[in-house]
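Shared between the two complexes below is chain A, which has chain B as its partner in the first and chain C in the second.
Our next item is the complex of A and B:
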């Protein structure tokens, strides 16, 4: 093969790689563009100060925004301690069979379709309690969040230099003190990043909430009662025949994307700060 | 004749079914520098790690034989108690990056859950940093992170952290292998000064270093203790031909 054809082939390959990469990010830009176009005109003060209203009464999405925050944060509060301790267990006993089984099980959870998690939590909580509730929604989202947070915890723990663990144990630290005074403080930024990314992911979930948090057109702060979230609002309003509600759904989508974006940027920022 | 602080009797160590140390017998004299010297892979670090039972953490090792600290079998002691009586300094400096210099020095107490008064803490920090010659260099930045120090300073901080527990013995596993010559020299001078207060057990593959700092030398080869004796004797009239070959640089 002459040098000329080789160069040509190389060029074609490079162009192909570039083309396919652009193809990957193109949908993202198109979605964002369309969302901004459609959602921007829907953005107004009513959207973030008023709750849902019947058609013609110019409602907003305040109940859904607050609901999203409450349900997602509650899910994070449930999922984080469980995930961190599971991650610690998997890492500390990584040579044991139990740990390996646990690791595989956690990965399996992340493969369960979200609608099924919703149905399972419906059977666990909604049916026995006899009512839909924000809490059951949070439990469903927590289950969705656990696998990612466990994985990011284990990855963080793996990055802690063995020398620091040895230094701590060589000073006579007990298992518990080694974890609480050395391992966990060193892992907080990494774990926090995983939690924020997980939070961003569950904030946009609809399916697990359909049978649990259910949705609520009124502003509700009681976690034992049905509560609305932005994805639920988008789901309900987008399916409605009303132009006015479609507009609110676009506005809500934009707010949701914005929340997720902030969480991801925050996570990236923590990582970069930590690496320095 | 000085007193013996640590006695190792008929020590065999296995990782899985692979034997690392063979029938090692060693008497470590108190408040002297004893160096374990030998080529890479001869079991130096393993020997050191069995003394404070750190080998139990990284690998499931099996040991046979006895190690006595002041006459008491260390395998009857609780590992956490043993490790605060036998401190350890590692190959590369490992101060805790989330702790200040001050917190690093008293980390041994914090990690054991021992509460100290402010006065006691201040006293321990100053005493420990003074004995490693770091006090003057860091006294104005005690509350800055230990990781901002130079490599040599970090290693001295790690020695101070071990000394803070007032151990009987300090184990040093090639403590200067990641340091430049100037920092190495400082650590060596420090060790020779420290032997007045603590017994030092040093592992090195650096023959020159062994000859500069040691009072006693144990030469380990392929898991066996080939020769043990006063440094001057080992370096002038070694009994075993293997020892002579090693110190004259024929292998290693």
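Our next item is the complex of A and C:
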């Protein structure tokens, strides 16, 4: 093969790869543009001050916004201690077989389809109590969040210089002192990043909530009762035949994607700040 | 008076002593260690708990109808017919098709991102966009597809002479492809980064073009990792629910052609679970168990290959 044809082949290949790469991310911008176009006109005071209403009466998404905040924050409160402790366990006993099994388990949990988490939490909490509740939704989301947070905890712990640990242990620090005074303070930024990314992921989840938090057209602050979230509202309104509800759903989508993007940007910012 | 004072002193001493003994019994070290163990046990228990719970809850269905009734192709909860083969078939079909479609795209973007001489600005733009694509909630993908993609599909259907429905297998495959690209591209990107730089440089120093280096050095080196990435994204697409539910058309039979409406296991569950009770619910739970076992196996296989490729 002459050098000319080889160079030509290389050129064609480079162009093709570039073209396909651009084509790959094109949908993201189509989605963002469409969201901004359709959602911006729906953004008004009603959307964030009124609760869901029957068709014909101008309603909003206040109940879903508050529900999203409550359910995701509760899930974070449940998942974070469990994940951080599990991460510490994996790190402290990293030479043991049980830690290797835990590592595989965490990966398997992240692969469980979200709808299955919904079914199982339904069987654990909704069926025995006989009612849908926001708390069961939080538990479902917490299970979704655990793998992310455990992985980021372990990765952070592995980056802490071994010398610091050895120094504190050599000074006679106990197991708990070593963890609470040396290891955890150093790894807070890394853990926080994992928590924020996990929070961004669960804030947009719908499937685990279908059979647990269920949705609720009224403003509800009681975690033992059904509660609405933004993704649930988008799902229900998107499939309805009403133009007015579609509009509210676009506005809700814009708010939701804004929340998710902010959380992701925040996480990236912490990483870049911490690496410096 | 004197007596009372002495009594109080004795009592308070007692209380202090008791606190001290509790402190000794449950010192901080022990509390922390116990919480570590409990958390780890909880996490270990989740997967097992899931499988056991689903097994127990689907027992009703297995006892009264048996496994073989699942293999039939009629799904009618009113007559207690729970043939689920169309859903199992559609689930595997949709995720395989979207995986195949995603391969050229995720490979291209992984190759662009790993080019060490490439435009840094463009690469960080691609990288950020890929991360954002992974962060967009599934329900928003579904909503967008329902309102922009399905009218386009309708146009295509009229041109090709199919019934213009807009929703169906084809639309679901396209959305799913878009959704899994960031995932498989992310893994390919990591794996390609792991290819030793000396190998690449050796190729260039022998006069190879970039295309030749990629084809005969990078891709063969990263092959098993890339395949593992594709298997893992297959695992993800098998269980994807919301976007698929919104655009697949909710039709309980074998799809007749690429455009016809259908149902995957997860979209069937999403559509029917809340209204189901008794045997119907048990059948749906058993389908969920099947889905869980398939995804767990696929994920284990992917993780196993990925681990082998890193050694």
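Here is the rule we go by: the second predicted complex is superposed on the first by the 260 of 276 C-alpha atoms of A that agree within 3 Å, B and C clash if a C-alpha of one lies under 4 Å from a C-alpha of the other, contacts with A are read in each partner's own complex, and residues count from 1 in each chain.
As a convention for this text, a contact is a pair of C-beta atoms (placed from the backbone, for glycine too) under 8 Å apart; a residue touches a chain by one contact, two chains touch by 3 or more.
Because the structure is predicted, anything quoted here is derived from the model rather than measured.
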Legend entry - Overlay on chain A: chain C relative to chain B, clash or fit: fit
Legend entry - Partner chain(s) touched by A:161 [first = chain B, second = chain C, both, neither]: first
Inset, instruction - Applying the touch criterion given at the start, work out whether A:262 contacts chain B, chain C, both or neither, answering first, second, both or neither. - result: neither
Inset, instruction - Would you check which partner chain A:224 touches, where first means chain B only, second means chain C only, and both and neither mean what they say? - result: neither
Legend entry - Angle at the Cα centre of chain A, taken between the Cα centres of chain B and chain C once the superposition is applied, in steps of 10 degrees: 100
Inset, instruction - Mind working out whether A:174 is in touch with chain B, chain C, both or neither, as first, second, both or neither? - result: both
Inset, instruction - Quick one: classify A:182 as touching chain B (first), chain C (second), both or neither. - result: first
Inset, instruction - Please name the chain, chain B or chain C, that touches the greater number of residues in chain A. - result: C
Inset, instruction - Determine the nearest approach in Å between the Cα atoms of chain B and those of chain C after overlaying the two structures. - result: 10
Legend entry - Residues of chain A contacting chain B in one complex and chain C in the other: 174, 177
Legend entry - Complex interface listing, chain B residues touching chain A: 52, 54, 57-58, 79-84, 87-88, 90, 92, 94-98, 107-108, 110-113, 158, 161-162, 165
Legend entry - chain A-facing residues of chain C, complex: 27-29, 31-33, 35-40, 42-44, 46-47, 49-50, 53-54, 57, 104-106, 108-109, 111-112, 126, 129-133, 135-144, 146-148, 178, 181, 185, 209-212, 214, 232, 235-236, 238-242, 246, 266, 269-270, 273-274, 284-285, 288, 291-292, 295-296, 298-300, 303
Inset, instruction - Using the touch definition up top, name the residues of chain A that touch chain C in the complex. - result: 6-7, 9-10, 13-14, 16-21, 23-25, 27-31, 34-35, 38, 81-83, 85-86, 88-90, 92, 98, 101-102, 104-109, 111-117, 119-120, 122-124, 143, 146, 150, 174-177, 179-180, 200-201, 203-207, 210-211, 214, 231, 234-235, 238-239, 246, 249-250, 253, 256-257, 260-261, 264
Legend entry - Interfacial residue positions of chain A with respect to chain B in the complex: 161-174, 177-178, 181-182, 185-186
